[in-house]
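Following this line, the structures themselves.
Two complexes are shown next, each including chain A; its partner changes from chain B in the first to chain C in the second.
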Partner chain A sequence: MSDQLLVVEDLTVTLPTGRGPVEVVKNVSFTVGRDDTLGIVGESGSGKSMTALAVLGLLPRGARTSGSVRLDGTELLGRSERDLRSVRGNAISMVFQDPLSSLNPYYTVGLQIAEMYRTHRGGSRRAARQVAIEALERVRIPDPGRRVDHYPHQFSGGQRQRVMIAMALCCSPSLLIADEPTTALDVTVQAQILELLADLQSTTGTGMLFITHDLAVISSIARRVLVMRSGDPVEYGSAEQVFSNPRHEYTRMLLDAVPRIDDEVAS
Partner chain B sequence: MTLLELRGVTKEFVTRGDGAMARKSTFRAVDDVSFEVELGETLAIVGESGSGKSTTARIAARLLAPTSGTVVFDGQDVTRAVGKDLARFRNDVQVVFQDPFSSLNPRYTVERIITAPLTYQGIAPAGGRRAFAQELMERVGLNPDHCRRYPAQFSGGQAQRIGIARALAVNPKLVICDEAVSALDVSIQAQVLELLMRLQRESGFSYIFIAHDLAVVRQISQRVAVMNRGRIVELGTRDQVFGDPRDEYTKTLLAAVPRINPEWDAKRRQREAVR
Partner chain C sequence: MTRYVLGRLGGVVVILLAVCLFTYLIFFKLSPDPAVMICGKTCTPDRINSIRDVLGLNQPLLTQFWEFLRGIFAGREYGSVHCPAPCLGYSFQTNESVWSMITARLPVSVTVAVGAAVLWLLAGVVGGLVSAIKQGTWWDRSAMALALGGVSVPNYVLALVLQYVLVVKLQVLPFPSAPAFGDDPVLWFESYLMPWAVLAVGYACLYARLTRSNVIDTLSENYFRTARAKGLSGALIMRRHALRPALTPITTIFGMDFAGLLGGALITETVFGLNGIGKMAADSIAKNDQPVIMAVTLLAAFFVVIGNVVVDLLYTALDPRVRVTSS
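So, the complex of A and B:
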């Protein structure tokens, strides 16, 4: 077992398009340690989400990959769908941008968390329900014993994202991939969710791959940063280095473009 | 000079509750809102989802009628204006929406989109429509040779420039931007904000700038109204609202905005300055 949890080497993703194959991720390499948060930041079309999907083996049909994605030393690229299913939700979990489209409106949140748990860990319904209640409690949903029987529409946007996080963490994954998890949320709710993720990450020691377009969000949550542009890795380093001493022109341009809230501005 | 004034504007929507036996109830989206917009200034309205900022913008643009209260434009009560009066108002007040692609007809060329307001207002530009459209395209930073292209052939930032060009076609006195830069990537967003500010300097019109992003609002506005649950909780100059917020909700909102680590940022800027 290496000290790195996730090792991605020379990952290239090629998608078929009407105008022939296009490389949407080009020779990307990075690592995520245990108890570590790597932020991938980029604008639209940078390949940041495709990188995450490639790690999970969830790329669109027809996509081709090369390189290597190793979790705890085990190669994931090229594994069968059946193998990957036992990895996803178990060793690697994911939280997406839009909780409403990731939750089934016909089932209570408790059933959905319990289903996730039983798929990977088995056990009785009763035990899984208890796991769901504890998971909701961990993400600080008030009155979890009652809320476990509620449907997604009975939760606010921020609470739904908490439910998604509860589901993602119920099998104690070693890696959590969060793809723009706070982008659809109001700024006050975003602050709460970021705090929750940082808290859970440090108490459980889960490695986190955090994907966003928002440099300020990355700065507040990631320990290390990978900047991507049009599928290319642009800059990779500690958050402190990337933000305080960016080496690449594109990173500098991006940082200059971010509107600041505390600066002096000309009247 | 006061260009636009909203006085005690309230908007209620009738909602149906859940279930077959549910009673009708009313939801007050905008609750007793009053403000003025001076000629040439930018008033920003900020708030989270459900704060009523977009409904307020729609009432100011006369796209929605208020339940009560009045809208006064250029000294005229336009709350219930119809016919010629409404047409004159629509000539003076234009809107730029969030999603450029859904607000541009995909089957029309850029030239036709940009000159559409002229058609509605019955104006024939001297020098012809093509020249008129091309001149406006140049002003908003688009290649005038692309005037016969369709919206889908442009990027998001370029499409938003088309929407801005269309808004300017009739020389408005007030442009209402409803989350006009929210859907854009940060580098594009900075360019479009620059463009909006330059156009205002050139033409002297006013903006009502609706946004949820406080940092963006800070770049462009002179005065800021903060909305929460349908009410304006704080209204003041930009520097007062950001530098010395008085309302508790405003303080919470400002504190929640994610920031680039200030120490790192300062270091980077020192290095940049040396360069």
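So, the complex of A and C:
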């Protein structure tokens, strides 16, 4: 078994459109190790979210994939829905951008965490509820014993994302995919969520695939970076190398577009 | 929550009083003089006056309205005749007590409404659901085309066609006669089958289209994607994360539609000759039988207003977002 947790090779995703099939991800290759964080950066439409959805087999209907996605050496592409279900949420889990719409408004957060735990681990309702309380505690939701019975709209934006993270980690997955997890949050809450993710990663050793359009966020959390543009992998390397010595024109452009506090104000 | 319920019930009383007042004004003040109508063709001014006296039509309007209201809750006197509560007056046509006319006919209307509701809920929701899951397939397209057609066919056309085909030509069903359930359950069922179906078709088509679009909307919700990403089983995803959110709004519409039907299915009952509230309404309007028209209108308003409150309370139970803000 390799020491790489996730190995993606030549991943290509084709979506059907009104004007014929379009390749939205083209020959993308990367790896994520245990206890490692890979950041995928790019503008909207660069194919970064499609790459993440392809790993979990959650692409829109009619999408076709080629290449290879291996988790711990096991191929995931082309596996049946049934096989993938046992991987989703269990070995690989995912946190999405907008925590309010990503949680079902009709059920308590406790039930939503517990249903996932029971699906993969079984056990009684009571035990699963206890797991949910512990999961909420781990993401530092105050008074988790009471909050477990609250509905998503009763939480603040940052707390909702904590709930999503609690849910994602309740089955101790080996890989966590975070798709723009801080984009919908304001800056101070963003920093808290990033800190929480980094903390949890250091205690659990979970590998992380972190997707964002925000270079500042990537630089604070990722060790290695993949830059994507219209489905193409543009640059791939350590965060240090990509940020301090970008080889590709596009990466340089992205970096230049970040406003800096010591920039001179054009008069 | 208790305060909310009490507030709603207070609102119900106010609305019903307003409906009473308006119906009273429309049917007793703007219509032809009831005394003249009761008196008939061979009539003298003296006789008209004495009828006015008995009905209280010589008194001021507010006093008349008050007497009418009092009659509903405490009963009233018409000359020497005592009308026990709840008194809605006597039919100008048959002299029958309006209240007993209602109690005799309500079971028929309720039977028609309940049976039709069961049919249209089953057909509409299941049809819409299958269409949503098989979106874009031939099944979906033909079901939705059929639904559009079904909504467009008027009740009375469908009723006459069904009667002609099933009763007259094929003779598989008896002519509807509204027998009591206890006398002959099979005949009872066969009798009501056509009215149920005719009434249900329009609703079923509407509900199918509604269910389909609600379910499709839910399937594109982010929380549905989350449910899939969690690796839940297909059945659990459908039940919890697609059906519950998609069907909750349908309870509102169903409550209102059903409440509306309890006030009588005018066309269906008339076409099939079922002696329910709807047929009573049609007959009373044709003969300008004011006390009956008044009672039928009030009854329909009562059901709709109560239905509205029940739906609202049910919604607070079904949707936690409403529940928490209202308490």
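Everything below uses one rule, namely that the second predicted complex is superposed on the first by the 261 of 267 C-alpha atoms of A that agree within 3 Å, B and C clash if a C-alpha of one lies under 4 Å from a C-alpha of the other, contacts with A are read in each partner's own complex, and residues count from 1 in each chain.
Convention: contacts are C-beta pairs under 8 Å (C-beta built on N, C-alpha and C of every residue); 3 or more make two chains touch, one makes a residue touch a chain.
All values reported here derive from a predicted model rather than from experimental measurement.
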item: Partner chain(s) touched by A:Ser172 [first = chain B, second = chain C, both, neither]; value: neither
item: Which superposed partner A:Ser220 touches (first chain B, second chain C, both, neither); value: first
item: Chain B versus chain C as contact partner of A:Leu254, first or second or both or neither; value: first
item: Contacts of A:Tyr106 with chain B and chain C, given as first, second, both or neither; value: second
item: Touched partner set for A:Ser44, first chain B, second chain C, both or neither; value: first
item: Touched partner set for A:Ser238, first chain B, second chain C, both or neither; value: neither
item: First (chain B), second (chain C), both or neither touched by A:Ser202; value: neither
item: Set of chain A residues, in rising order, touched by both chain B and chain C; value: none
item: Touching residues on chain A, where the partner in the complex is chain B; value: 43-44, 157, 186-188, 190-191, 194, 213-217, 219-220, 239-240, 243-246, 252-262, 265, 267
item: Footprint of chain A on chain B - complex, ascending; value: 48-49, 156, 185-190, 193, 212-216, 218-219, 222, 238-239, 242, 252-265, 267-268, 271-272
item: Partner chain A, residues of chain C touching it in the complex; value: 221-223, 225-234, 236, 240-241, 244-245, 248, 319-321, 324
item: Touching residues on chain A, where the partner in the complex is chain C; value: 56, 58, 81, 84-90, 93-94, 96, 98, 101-108, 115-116, 119-120, 151, 153-154, 164, 167
